[in-house]
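The two complexes that follow have chain A in common; it is paired with chain B in the first and with chain C in the second.
Then we have the complex of A and B:
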């Protein structure tokens, strides 16, 4: 009898703790789950068209390809970005090592100079090649790069979502906060709002036309970033996603950059 | 007709007074919707090509609205840990300014240098408190040598430095946004002022300019209006010699400006200081109507007539001249609608409404009101004018010398007009009582040019900005501009590329030149862009598809004509040395204001000429003579010409305020002529007087009244000279001058002119008329 009561009490306590999960813990749990669902893709490559749209609607496109290699253990992902246009920057290749606990490392290969140059690592919050994306928006979203706070549930674009705030841990980040809408079914970021250093809404990212690859990995075919302060925008159009094509670690080194094609 | 109406009015005074009060309150309530404008663009019509060029520039690159915070240490030493820490902290905190897009200073300047085979991009001063003296000196050398910083954010002599905040207002409610930004910055700066008492802080920039407009408006309301009211009371008391008439007139003066501002205010407009000079003008103009009516009324009372009878008689004889002068004044002010600067449209329309309201109140409300006020003992002094007698005798006796000497004076003064120089300058629009002015002058003295020009230089297609030929051309253009004496600083993209080329070649000075290979330049730029931190990107200098760059030129505080001349030299250089697609005119607020007066004068001419014809036509009908109508053109036109001639001698700088003086004064100057001519014509036609006698009659009947109203008008317009806003000040002084000269011309030049031109023919006309 006493034993039964004790067990019941423990259960009650357990459920109380479950309820008492703080909003920070819930936010983190959602981020961890989203990260987990993206695990195991191995490697991938995709063609990317970046279209800059100014406040008058004039468009300026640029083509590139991105190759990614999933990090093993404590290592972050590695990525290689190869520029195909504009013609004057054709063949420029950028290698990035993301790190969970420190700033990312980046190198750039300049074919006209035939040299690899390291990019100042602190500054990844500036606009990426003149677009409305900062490099920190498109680089691998490691869980450790933010602290989290779950806000509420909300329907976005007809899907049930968690709305989670996240705060960059890097002091050189261009943002004070981001608010992400993550759908409950697949843990995909459907929309992210970015708040600048004075805590004003700066821009909104919407990821659209998600497609499923290898029955497991969701990738958007279109990402649209709108800057609310400058009224400029940028579209990222992804084409021809391929997964597990056998990319190797040695293709993601400083020395291999010169040969990247 | 008007007699019957007046009889009804004087018999139902309470009904009239209460109805009027109701009307005034109902219309005047709209004045509460008026907001103080905080945008220099208010002075430009939407189709102004210089505004369009500037907006176009801002669409392509970042907005160039800014606040520059200058810091001048009293010991002249910027480069020590204390001041550098101040700059660093202020730079960091400035990112918190509402609507800020970008913050630049020597501290977050992106210093690039070679280290082994890499290019390092980092803030020039970071953790300044920990820097050693050697490190500081090394960085000081970098700052004073870098073409981006020196003469811009650090004085050439290193004794002053600045933090420049680029502001991007949403523009939804600029009247609220600008004070919000400025309030934040001032509060922030006040904090540092307290912590660093040994440093002087000064603010300037486009946003500060915008903010100076509502501040000048507020000062106008706070200081000008009370002075105006006091002045009116004093003038009225002396001319009407009694309290009740003064109060009655005062109420009409206040009511007419209330009605005008109220009707104008209903839609919720934004106003500049210029618009706010309207009540002062209305009050001035409304007085004249009342003085004419009350003087005749007191004459009647003095003669022993009853109050109603005296009033009815006064309205009967004054109705036509008061109507005529009100209409011509209204027409004159309506010509301001031809101005290229919208605030003058508002000013013209408000004064027009006010003048017509004053007319209606004087004719319909004043008679009723006077019935309710105690009548007074009127001294016999009304109408006594021995001085006028002497004046007319003098003028008639010496009419030939007067005619000759005045003709000479007039011709000489008019010949001097071209000596005037056009000058509009948003800094000098504000007098030294507005802090923006003194701060800007200080910054111009210690740090950098506070006016600017921008050239958006097109390259040959997308990514064309990295073409070595293009870069060499803009570099040569920058050199040309730097060699101009008015230019303080030039910011050009070619400096960035030259520095990168040097860095990429191990900081070898011999590589401090434009890269000679297009692809190399493109790839340097890409590397650099990828290295820049938040907010410090190239978008303020290079457009989206890299097909044009912006060259920003800081210039001294120079006149409009000098700005236009500098721009013309720049355009000529481009035409000679650059491909045709690169040729462009400068764009900036300074350029916009440099052209504003000329454009405004051009657009006003049509309106003023049209109004002149209309008014002359009205005069011809009123005096029923084409010939005399033409003669009256001379005293109507000449005063403004003389005034501008005198201005050339004493000041010589013609700004926006003066471009509308013709329109403002035209209808007022005409009034003197109308009064004089109607009396003169009546004397000749009705009293069959000869020219001399008719002139004496005109002097005798209207001389005192014209002198009195001229004094009132001059005094009223001179109140505007106390405004902190130069457009108002100049408009006030020049209008007063023109109105004063008009009286002199009407007294000393018009009569000799009539004696010369109207004598023989009219005398024969009259004898013919008598015999037939």
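Then we have the complex of A and C:
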């Protein structure tokens, strides 16, 4: 009996996707597929240069390293970010536990004070270390963090793309919506527009120079965030991506923050 | 202590003989201007210059081991006590599968509140460094750290006690008196082996920690030697239980720190020099009876992210400071005070921040003001500003500080 119901349900689902898929369902399906293609990376580490560019073009660079651990089952990803420069910030480290069903947990370690501080999840809309990236832009993008709406197909940068709107589910998000250009071939986000709480265009992110790792995982070598309202920008340059280096859970704990060098 | 010195020397040799040693250094130039002549110190100069140098050497060894060495040196224009050297850290660290072990000299911070750090007890305060007591001396220790699903447990064995540093006769912000060598309750004196442990964990947005300390008090009970007119720091044997709690909700951070401390001599002995906990009359040292007391800091910080459509975060801090000894508390304690403060983070490329506050004593009906700010002016240079105004009433033990208002500018150069 149960089996029959299950089969019936599956048929029902199949017919919906095939025949009467709404734009919301199509948007979600694209996000789920993009997420699925990113699954199985296990762990990774990368060196990151963040360059803040003000409206006059003056650049202020920061160097950091990011370690990531893929979540198992219902757990979200964990990440540890360690600062090398500016030199007065050396050893500052940030630990993030991404959650699918609730706000992320985040701690900041201040080496001069030897103090681990929990960061309020309300802070997610705030600028990350003075850059044009907000905390929420750099955290792991779980499917459950948005609702979706497929808009249209469009060519961007010579690639066939889906254009999908996504709406943050977290009330502390600084955005009312984002519009993403996702290429049909590899489901990579090539461009994202961010709309602020007043629904006006705030920022545009472009992910460039995608490289393929382990024959499966695409990562951009360059991400450029441009703020249209302040005319300031931030560049993220990724270097030396490594996957499946054997990072363990214990390298993503509060004690690991204190020993991060 | 000799054995300990040898151990440290070995650590240092180990660190320096390693091929790959990373090094970061910081040179500070500090100038302090006072608004009035001192009521206390013989030195009535209104401007004081000072230099500080600190460096950090770090190396990794085979088998998840590392060594960190952080020496510190300060040169002060007027205060010989403030001119001092300290090993802030010289630590061997081992990361094993089930535990972490540290041995050497180190620094540990416990606490959540802003206005004072009651629970924080592992390290001695480097009292000549700053008026807020946040600078610490390196503490010899063995630390075992366990991290499990149920939380974190740190256990400490502290084999040596560091005496608190006090501002000298010629330094501003001090009592203008000489300090005698510390006197200990324990027959082992500074070699008494202290023990401490702290358990901490979190449930979603609620974090808490419980801690226990048994051994030589870091805070000195300040007595008087009638033969030399010197202040006598007395280090009692104490037991302290500590509780820290923090709950984050929306923009609110609710904070609590409380301690129960047993074994501190009461501040109520009548002597020719006033009411004191410790008195030396030339024949014998008299120590007042032990006291047990409770002290707490409780309050909140409310943060508005991106006020008025800017990048600026604005925080409001309110904390109540309480000490059950009330009028019998030591002069440095806050018995009935409230902190009102505001914290600004510009979130700019220069990482500019500002913290301004007023600490109101509602029994004495007086207050003190403080402003602290810093910003990055070059890639490797930070400028910081600190200003304090003291407005004590005559009955407040801090009456002596009424003319010590100052502005301090510090340039920190990183190399």
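For this structure, a couple of remarks:
Note that the second predicted complex is superposed on the first by the 243 of 261 C-alpha atoms of A that agree within 3 Å, B and C clash if a C-alpha of one lies under 4 Å from a C-alpha of the other, contacts with A are read in each partner's own complex, and residues count from 1 in each chain.
Just so we're on the same page, a contact is a pair of C-beta atoms (placed from the backbone, for glycine too) under 8 Å apart; a residue touches a chain by one contact, two chains touch by 3 or more.
Not measured: the values here are computed from a predicted model.
Partners chain B and chain C, once the complexes are superposed on chain A, run into each other and clash. In the superposed model, A:259 makes contact with chain C only, not with chain B.
Shared-chain residue A:138: touches no atom of chain B or chain C.
Look at A:55: by the touch rule set out above, it reaches chain B but stays clear of chain C.
Of the two partners chain B and chain C, more residues of chain A are touched by B. By the document's definition of touching, both partners, chain B and chain C, reach A:86.
When the shared chain is aligned, chain B and chain C each come close enough to touch A:127. Applying the stated contact rule after C-alpha superposition, one finds that A:174 touches each of chain B and chain C.
Of the two partner chains placed around the shared chain by superposition, chain B is the only one that A:94 touches, whereas chain C remains out of contact. Once chain A of one complex is fitted onto chain A of the other, the partner contacts of A:102 are limited to chain C, with no touch recorded for chain B.
Once the two complexes are laid over each other on the shared chain, residue contacts for A:115 go to chain B and to chain C alike.
Among the listed stretches 530-538, 584-592 or 746-754 of chain B, only 530-538 clashes with chain C once the two complexes are superposed. In the superposition on chain A, chain A positions 52, 54, 60, 86-89, 113, 115, 118, 120, 122-123, 125-127, 129-130, 174 are in contact with chain B in one complex as well as with chain C in the other. Residues 52, 54, 60, 85-90, 102, 105, 113-115, 118, 120-123, 125-127, 129-130, 174, 250, 253-255, 259, 261 of chain A are the ones that touch chain C when the two sit in their complex. Against chain A, in their complex, chain B makes its touches with residues 59-60, 62, 95-101, 117-122, 168, 170, 462-463, 466, 504, 517-524, 526-527, 529-539, 542, 544-546. The touching residues of chain A, when paired with chain B in their complex, are 52, 54-56, 58, 60, 83, 86-89, 92, 94, 106, 108, 110-113, 115, 117-120, 122-123, 125-130, 134-135, 172-174, 197-198, 200, 229-230, 232. Within the complex, the chain C residues that touch chain A are 22, 24, 26, 58, 60, 66, 93, 95, 100, 107-109, 111, 134, 145, 147, 152, 202, 204-205, 207, 246, 248, 250-251, 253, 303, 305-306, 311, 313, 347-351, 376, 379-380, 382, 412, 414.
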